[in-house]
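Following this line, the structures themselves.
The two complexes that follow have subunit A in common; it is paired with subunit B in the first and with subunit C in the second.
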Partner chain A sequence: MTIISATTTLLSRADGSAQVTSSDGTTLIASVSGPMEVRPREEQPLRAYLEVLVRPVVGVAGTRERLLESQLVSCLTPIIRLESYPRTCIQVNIQLLTHSRPIKTSRSSPPPPTILSTALNASILALIDASTALRTTVAATDITINKGRHTVVVDVFSGQLVFVDSEGEFTHEELEEALERGKKEGMVRVDDGGDVMVVDEGGGVGEEIRRVVEEKVQRDLRWKDGK
Partner chain B sequence: MTADYTTSFRLSPPTSIHTTSEPTLAHHLPFLTLRNSAPSLSTRLQKILYLLKPLHHPTMSTVLLPGSPVSLPPTNTSVPLRLGPGLTHTPPSTITAHHAGTLTSDTRKNALWIPNLTRRYTPLQNDRVICTILRSSGEAYIVAIPSSNAPAPTTITATLPHLAFPGATKKTRPQLSAGATVYARISLANKHYDPELECVDEATGKAGGLGELKGGMVVGVRCGRDWGPVLRELGKVAEFEVAVGKNGRIWVEGKDRRTTMWVVRRIAECDENTWTVEEMRKKVEATKGDL
Partner chain C sequence: MPKELDPSTNEKNFILESLYAGERLDGRELDAFRPLELEFGEEYGLADVRLGKTRVIARVSAQVVQPFSDRPFDGIFTITTELGPMASPGFEVGRQTEAEVLLARLIEKSIRRSTALDTESLCIVAGQKCWQVRADVHFLNHDGNMVDAACIAVVAALQHFRRPDVSIEGETVTVHSMTERVPVPLSILHVPICEGDGGDEANVVTLIDATLQEEQLRDGDMTVTMNKHGEVCQISKAGGVPLDPIAMHRDMNLAFVKVKEITAFIAKRLKEDEEKRVKRDNLLESKAENER
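Entry: the complex of A and B
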């Protein structure tokens, strides 16, 4: 799975936003608001309350969206420095724009790709756009091996596994292989004192994220040039 | 092993320090002076600086992602190293970025930070902000510090004591009504409390430009930009008074309404397109006939 197109800062009223289209045909907008006022019930004295809301293309959010929300919360909680924003709320909104509905698949084919990886990549870009303090940058990718589908989320610098969601039929070896491939796709090329570590020709999702962020930073700081 | 289930697990985040009393995150302080908090730390860092010198240094064009380790550029060893917004120090010697941007340094002050453009304002001590009076309580005004053009529920509330005005006593204090726009200095900012404001310069006891802003118009822009050069360009052709709030609000009052609107439009366009001073100059030339 790769990111086909990604844009940041497209919503004027949100603190940060990103629209991402993935090669599996999912397009969605993630927006970040916060740190902002929190509902008294959810107020935490030493950290921010992270709220993720997923809205489907049509209709109201149901069980599928709730599952996605809980997966996103568990992925993003260790990434955002929530303790920097006590007694506040950080809200991540995901609005699906197009999504091929999962078709009932036969047992011989792998389960359809989920929107989790696209939603996570978009959320990370929106969080970076909002300048929310993050511990690290992560990249999510979908890996399909035989009858198994794995969403692998890794730290783009160390390749450390942050989250994995697997579905279908797979062996232990296949899972290991998926993790290895996810790590390769998610990591950025590290310039370590001149030695360039080549990850993959063209780069994976991690490189894509870096490219989008670089564009954003250059756009934001262009006022500094040409005094 | 064949499995047909959904599994998810998560690993602990990369190492970082969690302290509740002493924030290690420079994000909420204008600058974190390492020597003040731990004298030996700075000397140790200086030694590490020396060791790091032969390694790769990020140039101005290198964009850091959150979590990027920062290798320190050669610095001035007589002054303690200071970390500004966007950088986190993890003892003993790791410095990481926590938002995206390019590393900027000031060799003379021995400071490092990552500038960025945001819509969300985080209060910092000594920042001058443009805020709105909400109501008056017993001893202080309750004010809202809005961030750029963000909607109302996202504003920060702060207190502005009745006595924090030049020459104010219990009997004579400025009467500000709800909705008044005030230019104030943040005298106390901490992530755990609501910020406190003041409209008087402690050293001189005078207003020093702070106080109520009467008339004029407020425009919302993104926080983090240096508006000086752009406003000077506008000042070459238009006559106006201006106050720039760090919270992404600029108050403008021209010699007449036409001038005010013209200046506000130029500022809004400049923010929207992140114009350089050169681009602003061209726009000013092209539109000065409207004045």
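Entry: the complex of A and C
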């Protein structure tokens, strides 16, 4: 799975936003608001409250969306520096737009795993766009080996595993292989000097995310060129 | 959730003073719409409308259900509008504000109650099976005038949508896949377009397509829904400054001009999309309807 197109800063009312289309036909928009006022019930004295809301394109949010929300929360919590924003709320909104698989399946069936990885990549881009303090940047990929599907989320710099969600039948070796492949796809290549190397071959998701962020930074800093 | 910020006194005075002088903050005429953009999705029935910074997406979908027992010959058409926190952090999930209810009712009244969609054509087997067409409206960015944007999105998505063809043999109904038979467009009787006016104290200034700031400062508003034949589908004037009949007439004449422009714009975009699809999918001469 690769990112076909990604744009950032498309919604003026949100602090950060990104629209991502994946090679499997999933398109969705993520927006980030925050740090902002938190509902008193959810206020935490030492850290920000992270809220993720997923909305389907047809119908209202049900069990599938709740599952996706909880997966996104558990994946994003260690990445965002929540302790930098005590007593506030950081809200991530995901609006699904299209998906290649029929949307109308029973409400309790699990969401196709590809939505999770696209949602995660879009959330990361939106969080970067919102200038939220992050510990690192992560990239999510989908790996299918035989009957098992794995959503693998890795740190783009170290290749460290952040999150994995598997579905179907698979052996331990297959899972190891999926993790290895996910690491390869998600990492950006850095040479010894610490500078990022220019790679000719089309990289994986990690490289894609880096390209999008690079473009964004260039666009944001064009005032410096004096043009 | 944070409350929507009211414009400051400085902003308020500045905007109002300029409006009295006939100027708007974005340089538009008082009776001009913001640049309207309309894009369709890869699949049928997805319309993405941008009105300035306001952005609304409408998705039309259909499924076969049993009709209501009191209306056995009619299909079902529903519109769902829900304001989420993506449009503006001020909107909370699961809690409807008064503005949201008004907005949903207004769109419902403009499109569904004016029978823009011929629900009788959605009947498959009377009393047993019919199509349920639903339009989900998603508000992505709130910068004023969401009613007009939502209305344009829904009517465009309805016109763009194709439902699978069905064939009936006795009691059995076969729904043919999109690749098996050319999908059928919905039967649209007319295209209603909303047009919102904002007025301010003592009716000194009336403007069209208010931005969020202008909406926050206005003393009253009116929304007229018309189609290109000049038929008024509904007028909504929920409180605010009173409006005399002559001013109302003037506003409606103005609305008629805008409605014709917008309808033509939607038709143009639909045609462009159709041509693109024919070229891409090699659909030449494959049409569900007969030549008349």
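Throughout what follows, the second predicted complex is superposed on the first by the 205 of 227 C-alpha atoms of A that agree within 3 Å, B and C clash if a C-alpha of one lies under 4 Å from a C-alpha of the other, contacts with A are read in each partner's own complex, and residues count from 1 in each chain.
Following the convention adopted for this analysis, a contact is a pair of C-beta atoms (placed from the backbone, for glycine too) under 8 Å apart; a residue touches a chain by one contact, two chains touch by 3 or more.
Note that the structure is predicted; figures quoted are calculated from it, not measured.
When the shared chain is aligned, subunit B comes close enough to touch A:R81, but subunit C does not. Of the two partner chains placed around the shared chain by superposition, subunit C is the only one that A:Q95 touches, whereas subunit B remains out of contact. Legend: residue contacts after superposition of the two complexes on their common chain; A:R13 is shown touching both subunit B and subunit C. In the superposed model, A:I145 makes contact with neither subunit B nor subunit C.
Of the two partner chains placed by the overlay, subunit B and subunit C both lie in contact with A:M36. When the two complexes are overlaid on their common chain A, residue A:G59 makes contact with subunit C while staying clear of subunit B.
Once the two complexes are laid over each other on the shared chain, residue contacts for A:I4 go to neither subunit B nor subunit C. Counting residues of subunit A touched by each partner, subunit B versus subunit C, the larger count belongs to B. Put simply, subunit A uses residues 12-14, 33, 36-37 to touch subunit B in one complex and subunit C in the other.
Against subunit A, in their complex, subunit C makes its touches with residues 1-2, 41-43, 46, 53, 55, 57, 59, 61, 63, 80, 82, 84-89, 93, 134, 136, 138, 140-143. Interface residues of subunit A facing subunit B in the complex, by the touch rule stated above, are 12-16, 33-37, 46, 71, 74-75, 78-79, 81, 83-87, 128, 130-137, 155-158, 160-172, 188, 191-194, 209-210, 213-214, 216-227.
Put simply, subunit B touches subunit A in their complex at residues 1-14, 16, 18, 20, 23, 25, 27-28, 55-56, 63, 65-69, 88, 98-102, 115-120, 122, 149-151, 153-154, 191-192, 225, 229, 274-278. Contact residues on subunit A toward subunit C in their complex (touch as defined above): 11-14, 25, 27, 29, 31, 33, 36-37, 39, 53, 55, 57-60, 89, 91, 93, 95, 97-98, 103-104.
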